[in-house]
């Protein structure tokens, strides 16, 4: 998350609870860094679900989002059984691109910040504009 | 593996090397038990590949195998960076069912034994006889 | 689950909701069979949590449970976004061994049945009797 | 990878083969984006192994590296059974920080580029300078 990024409007932020699974932790006794990518995905697909659609239905309609960019900054370790909150919001959406920003928190502690860029494609993998209504 | 199981003909056994990945290990500093299921799958799909076909091509031809049963006995822990060998062979094959047996070893140490039953289905998920040539 | 197994007392059964994650699904568009092992683990550790203890605290006290046996029968496929329920109960507990049984359901549909055997070990990996109070 | 980054000296680049596992692929029939983080980790730990040390031994000696930053750009999809090559090199190393850069290729096709920052910590999680000899 860029330093000068303005805070998102709270009503556009989704908060998803994640409890760290045992199998997500590694021998250092912390959540493996690859698990965070999974949690981010859960948050942004829950955002679609809240909006009355769901990724499963988008796929049936021939609209897919592929991850084009993933960036995570790990600030504090997360441990087994931790109750985390993933906060997710849409940063920008234009044409075929959809940028999300994320914070992962444990209570007030900031565990990680992240950003992703999704690109909208059809079932052949060709880039297409995001259909109106797919993302509110 | 049943106690009274006879040893398979060595020429029908495939041996696949697996090096334990860091992310496959848990806070007890051993490979998480769910990782073994992945290693077994790698071994049995390598068996198909050795036979001149591959699972990717079977799927293109409308032949799928779904796992109907998985059974693993864990005998000794496997650790990060361990060089393991998965030994895999076909136990029985009849109609739509395909039974594999497995040993996972680290040198001479037996780490685990396992069995799976696959069922052959078409792309609609309906059970179909295993096509001749799909499994030798 | 053995055919002649009697139904468990409902008050000893824990039910844990699981929503199938996108990354848990494979190209056949169903949950990968290795994911089930993870869901079973979540259910049995939630059982410990419900009992006022938790696996994290057991580990701190030098009590570990290792999986010695895993057996799963897959009956119907589970798909992305499915809301599943994992039902888990203790089948037998004696000495150092703890047997759990499981049902995974989607509504009334039985998706899978499973059994695991855990063995209690100390931090050196040596088998020890299950401490009284660790499992109720 | 920044546009103006100069190519690394080939003798400092490690190349690690990765074959895409079935369970790493998702319903879009491509490798899930979280799998790439695992492949990068395999490449950079193989780099340590090539240098005559290994991450397992570093951990025994009380030296740990934690991932502080992960950035991946996904350029083309990778599919089940693809034979990929992960190219990895050290971009900068100073004090407690170690920056790696990566390319993931399938033959000549560039599948992804990535960067990570590791931070050296002791077993209490406190930042410490990278011990001389740990990274060549």
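Read from first to last, the chains carry the letters A, B, C and D; within each, the first residue is number 1.
As a convention for this text, a residue touches a chain if its C-beta (ideal position, glycine included) is under 8 Å from a C-beta of that chain, and two chains touch if they have at least 3 such contacts.
Note that this is a predicted model, so its numbers are computed, not measured.
Peer 1: Between B-D and C-D, which chain pair is linked by more C-beta pairs in contact?
Peer 2: Result: the pair with more contacts is B-D.
Peer 1: For subunit A versus subunit B, which are copies of one sequence, does the interface use mostly the same residue numbers on each side, meaning over half shared, or is it different?
Peer 2: same
Peer 1: If every chain is reduced to the average of its C-alpha atoms, which one ends up farthest from subunit D?
Peer 2: C
Peer 1: Between subunit B and subunit C, what distance separates the C-alpha centroids? Give it in angstrom.
Peer 2: 22
Peer 1: Centroid from C-alpha atoms only, then distance subunit C to subunit D, rounded to Å. What do you get?
Peer 2: Here subunit C and subunit D have centroids separated by 34 Å.
Peer 1: Please work out the Cα centroid separation of subunit B and subunit D, and write it as a whole number of Å.
Peer 2: 28
Peer 1: List, in ascending order, every residue of subunit B touching at least 2 other chains.
Peer 2: Each of 22-23, 27, 34, 38, 41, 80 in subunit B touches at least two other chains.
Peer 1: Quick one: do these chains touch in a line, a ring, a star, all-to-all (complete), or other?
Peer 2: Topology of touching chains reads as complete, every chain touching all others.
Peer 1: Under the stated contact criterion, what part of subunit B meets subunit C in this complex?
Peer 2: Within the complex, subunit B contacts subunit C at residues 27-28, 30, 33-35, 37-38, 41, 59, 64, 66-74, 77, 125.
Peer 1: Hey, which residues of subunit D end up touching subunit C in the complex?
Peer 2: 22-23, 25-27, 29, 32, 34, 80
Peer 1: Where on subunit A does subunit C make contact in their complex?
Peer 2: Against subunit C, subunit A makes touches at 21-23, 38, 41-42, 45, 54-56, 79-81.
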